[in-house]
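Each of the two complexes below includes chain A, the first together with chain B, the second together with chain C.
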Partner chain A sequence: MAEIRLEALKKDFDEVHALRSLDLVIRDHEFMVLLGPSGCGKTTLLRLIAGIEKPTDGRVCFDGEDMNGIEPMHRNVAMVFQNFGLYPHLNVFKNIAFPLQSLKWKPDAIEAKVKETAERLDITHILNRKPRQLSGGQKQRTALARAMVRDPAVFLFDEPLSNLDPKMRVEIRDLIAELHRSLKTTFVYVTHDQGEAMQLADRIVVMEEGMIRQIGTPAEIYNEPNSVYVAGFVGNPQMNFYAARMSDRDGECVVKFMGTEFTVPKSLIPEEQYRNESGKKIIAAVRPEDFRLIPDTEEAAKYHFEAAVRKIVTMGAGLYTELEAGGVVFTAVFQNHTEIAEGSTVTVHLDPSRIHLFDSESKLSVRTLARPEVTSDGTL
Partner chain B sequence: MKKKRKLNTVRTIQSYLMILGSVTGLVVFVVIPLVWIVRFCLFSYKGWGSIKLVGFENFIRVFERSPKYWKAVLNTFIFAFGKLIVEIPLALVLAFILASRLKGRSFFRAVYFMPSMVSVAIIGVIFRYFFTHQGGVINEFIKLFGGEPVMWFSNGTTAMIVIMIASIWQNFGINMLFFMTGLQSISPDLYEAASIDGASNTRQFFTITIPLLGPVLQMVLMNAILGSLKVTDLVLTLTNGRPAGETEVMMTYIYKTFFGAEGMAAQDYGYGSALTVVTALILGVVTIIYLRTTKKSGEVYS
Partner chain C sequence: MRMRMSIPAKIVLYTFLVIVVIITFIPLFYTLTASFKTNMEIAGGGVNPFPATFAKLFTGDATIADLFDNYIQVFSGNGGWVGTKGNFFGYTLNSTFVSLLTVFFVVLFTSMSAYVFQRGHFPGQKFLYWLFLATMFIGAGSITIFPVLRITTKVGINNLFGLAIVQFGTAGASNLFLTMGYIKTISTELDQAARIDGCSFFSTWWRIILPLSKPILGTIALITFRGSWNNYLLPSLMLAKSQTATTLVVAVVKLQSMGGAGASQYNLMMAGTMLAVMPMLILFIAMNRTFVEGITAGAVKG
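Our next item is the complex of A and B:
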């Protein structure tokens, strides 16, 4: 049990700035996912929390206690690695027992604890095997057991699923989620897979180039991305972005793209953002699943527009389609079994409240532009 | 079908032609001398005069009337294991230091490896000068600090120590390189995992580094043991067995029996051959015992 507080944390590798002055609070018992592409500094951040790397500047605090200068072994953290990090010359039992031996537990206490942990992770039948005789899933279960065995205050995961095959990935992911529920400890989890992040996290930290872009619950990150970067990184298939033109019409904000004019609700854009800014360029974005297909029988209504179907891909639960309207190509996702054919023309509806607007220069959400900066708590 | 068979015949002939060179070499330089030596065990031949068949007389002489040879065997083992105790840990520790992110490590690596490139005879001469009683570098240093000069080569123990030092100096570099390669093959993740799992540096060294170096360690030790048991030229150039056979080793004794030397019984091919066979058996037994006892450490990854 621990609250992790990062204060102005900085890490340079020679000329490379891996982390640039980063503030973050990870609450006690929280499942925090660090999300970003490779090279964004998320793994470095995890290693700084573990104490494997030393910060160039700034502090890592556990429950208010400064951890600088404290070795990994005294931080009471456990880590699960991408390539498992099992000791190849030791069998599963000895791998799990390793941390307890470091703590100088008595042999019979070690045996009892290892057996108990192994039972919980369903690996009692492989305790005598060497890591090379295990499947990927068994290796990661062993690594989880080794992490759990001494009841650490913080669990750190460094892309634990990336070396597993898809089926095993789901199994271990659910196991990790289940462990978090039952262990009631702080989990910090690094991944570049936004789906994984959405499924596991209490809160997500989206990172880019050593900086935090947004902190929020999966719903917040998905529904209210604060920048073009976050909007584009989260969501599959990717969000559609359009160069749009914004105008102030009788106090209402009108955005034009795809040959259609949309009057956006005031909750999406503060008045001072569009007043007297008629004709200004803006980035409009729409999630592929926010388009609605209108049956031919339905009468024409506001925000209906025609689109040509260029391509259809069946992806199980949904149909991924490539549509074209007003000279713009965009992706839309419809339910499976939707009657639609390549080369035909369909009518599509878009609810203006589902439009995301970003400043074309700063690439930040016009909503957040009016508000103060992101605080370390992630509150806006 | 026929064509295929013909092609196979051509391939077979080609393959045999390709290994013909090395097989010839093997026969001429290994098999024939071996047969020659084993055959000579049963004869007495002084290098001149007649060759007499004496049966197992030469072997009886080796086991019953050769105290000098058995003294040399003992000396060889003292030398081999005495120097290994220093050489292997030294090479391992240096490899460990140089494998870390030390500045100028490629310089040190080159310097430590240099002795391995020098001819053994030259090493013998160098150390001879270093430890000479009159005007030797070591004794001059001892005098500088007010000590009594030591007559290194007049005493069996000190003479043996000099040989050991020379041999260690010659060999630790290459062993260090082997260890460095071994260390590089250990994933850094394991050390990170271990440091999070609460293992101190010492525990990491003994529970991760040493076991995972197992295969390399096994190979290096094997090499070093056999190499030291076969030591010849270093002893010949440094002490030539003096004083009074105190630093005589198996190989120098056999060499002298074969080719004759002052203070030895007359040159004798038959007796020398018997000594060679016995020595080969000793080395074989040591190798088998070694491989049996270290079987486990070679199997870390397999």
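Our next item is the complex of A and C:
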């Protein structure tokens, strides 16, 4: 059990700033996912927590205790690696027993503990095999067993699913989620896959270029992205961005894009902003699934516009369509079996409350601009 | 991948290979047959590859013991030179001892230093690395032999143990680079896993890197063993004063110059040579696969 507190944590590799003064609190028992593209510093952050790397500056604290200078083993952390990190010359049993041998456990105690752990992960039948004789899923189960075997306070995962085939990915992902529920310890999980992040996380940290962009629950990250970067990174297919113009009309904020005017709710933008900056450019963004098709039979509601259907791709659960309206091309996702044909024109409705607005210069959400700074533990 | 070849190309290739094999085997074959001949037979020359005793075996004029007379002599102490005994059993033990000790030192320190150079970071690392590299371009052997002898004489280690130390010390940097290349192919993820699992820098080497670099170390052990076993110049000089504590190869050559009544005893030399060559031959045939795998594993990522 451990609360991890990172204070002004910095890491430079020669001239490269991998992490630039980062503050973060990972709560006890929390499943925290570090999400970002490769090179954003998420793996470096994980290694600093593990103690494999030394910070250039700043502190890593476990339950308030400074971990600087404390060896990985004495931090009581366990790590699961992308390439499994199994010792190829040792069989599964010896791989799992490895950390216990380092801790100088007695042989019969080791055997009992390894067997118990192997049973829990359903790998007792492969204890005598070498890693090269295992499937990807079995390898990652063995790696999980090795991590679990000494009851660590913190589990660290470095893209553990990226080397597995899709079916096994789901299986191991569910296993990790189940382990988090039953072990009740702190999990820190690095991935570039937003789907994984959404499914596993209690909270997500979105990172870019060694900095934290946003911290929040999956729903917060998805529904209230605080910047163009987060909005664009999370969500598949990607969010649509439009160059829009906002204006103050009788005390209401009107945003115009795709040749249509939308009166947006006051919760989306602070009043003084659209009052003072009426006529200013702004970035409007809409998630592809927030568009709704209006059948010919239904009477057109407010906030609708005509769009030409350029392309349709059937992606199982939904239809990914490329639409064009007001000279702007954008993506929309509709339910499967929707009656729609390429080359036709459809009527599309958009609820203005689903629009996200970002400052065209700072690329930050205008909503966030009006709010106090996000504090280190993600609370507002 | 197996190469596809046309039949004429195959014929050319195999003819070439057969010629190479014959050229390689003729001296060995000559030595083998000559080791069963008498000195007179060898001195007399001629092209008959079979020793006279061989034919006599069938007529009953000679026994198996007569056939192996040369071998019996080099082992029984009569194969030698005036005043001392040619004890080939002892020489074989000496060669084995020196070679194994050299191999032990070379493998241990090559693995350790390659690990430190590959995975460690310490001040002066680059300088030391270049120093190692530089030794590859200074011809060991004849150039270094005089200073080496001066040192060993001063220190007083002109013995088998000293020989192993010097052979290890002059083993050269190529082993280091081979091993470094091999360790580079071992994922650093394993080092990290080991550190999290409670290994220090040293125990990561001992528990992970050392067992995983077995193939390349096996190859280096074989090359080193062969080098030490066949080494002539250094042991002949370092062990010059000692007549009993000498190595097999040196003893064989001694048969030439110190033969009774000044005449070279070629028959005994040939028997001695066979004794010196056989262990290496058997070792190489047995370890052939490991040897080749080790060499290629260092070159290509496995």
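In this section, the second predicted complex is superposed on the first by the 380 of 380 C-alpha atoms of A that agree within 3 Å, B and C clash if a C-alpha of one lies under 4 Å from a C-alpha of the other, contacts with A are read in each partner's own complex, and residues count from 1 in each chain.
As a convention for this text, contacts are C-beta pairs under 8 Å (C-beta built on N, C-alpha and C of every residue); 3 or more make two chains touch, one makes a residue touch a chain.
Quick caveat: nothing in here was measured; it's all calculated off a predicted structure.
Undergrad: Do chain B and chain C fit side by side on chain A in the superposed arrangement, or is it a clash?
TA: They clash.
Undergrad: According to the stated criteria, A:Arg132 is in contact with first (chain B), second (chain C), both, or neither; which is it?
TA: After superposition on chain A, A:Arg132 lies in contact with chain B alone.
Undergrad: Does the superposition put A:Gly85 against chain B (first), chain C (second), both, or neither?
TA: both
Undergrad: Considering only touches as defined above, state whether A:Arg146 meets chain B (first), chain C (second), both or neither.
TA: After superposition on chain A, A:Arg146 lies in contact with both partners, chain B and chain C.
Undergrad: Check whether A:Val329 is in contact with chain B, with chain C, with both or with neither, and answer first, second, both or neither.
TA: neither
Undergrad: Check whether A:Val170 is in contact with chain B, with chain C, with both or with neither, and answer first, second, both or neither.
TA: A:Val170 sits against neither chain B nor chain C.
Undergrad: Is A:Ser102 touching the first partner chain B, the second partner chain C, both, or neither of them?
TA: Both partners.
Undergrad: For chain A, which residues lie in the overlap of the chain B contacts and the chain C contacts?
TA: On chain A, the residues that contact chain B in one structure and chain C in the other are 50-52, 71-73, 77-79, 81, 83, 85-89, 98-99, 102-103, 146.
Undergrad: Name, in rising order, each residue of chain B that touches chain A in their complex.
TA: 187, 189-190, 192-200, 203, 207-208, 211-212, 214, 300-301
Undergrad: Can you check the complex and tell me which residues of chain A touch chain C?
TA: By the definition above, chain A touches chain C via 47, 50-52, 71-73, 77-79, 81-83, 85-89, 98-99, 102-103, 146.
Undergrad: Inside the complex, what are the residues of chain C that reach chain A?
TA: Against chain A, chain C makes touches at 187, 189-190, 192-199, 203, 207-208, 211-212, 214.
Undergrad: Which chain A residues qualify as touching chain B in the complex?
TA: 50-52, 71-73, 77-79, 81, 83, 85-89, 98-99, 102-103, 132, 146, 150
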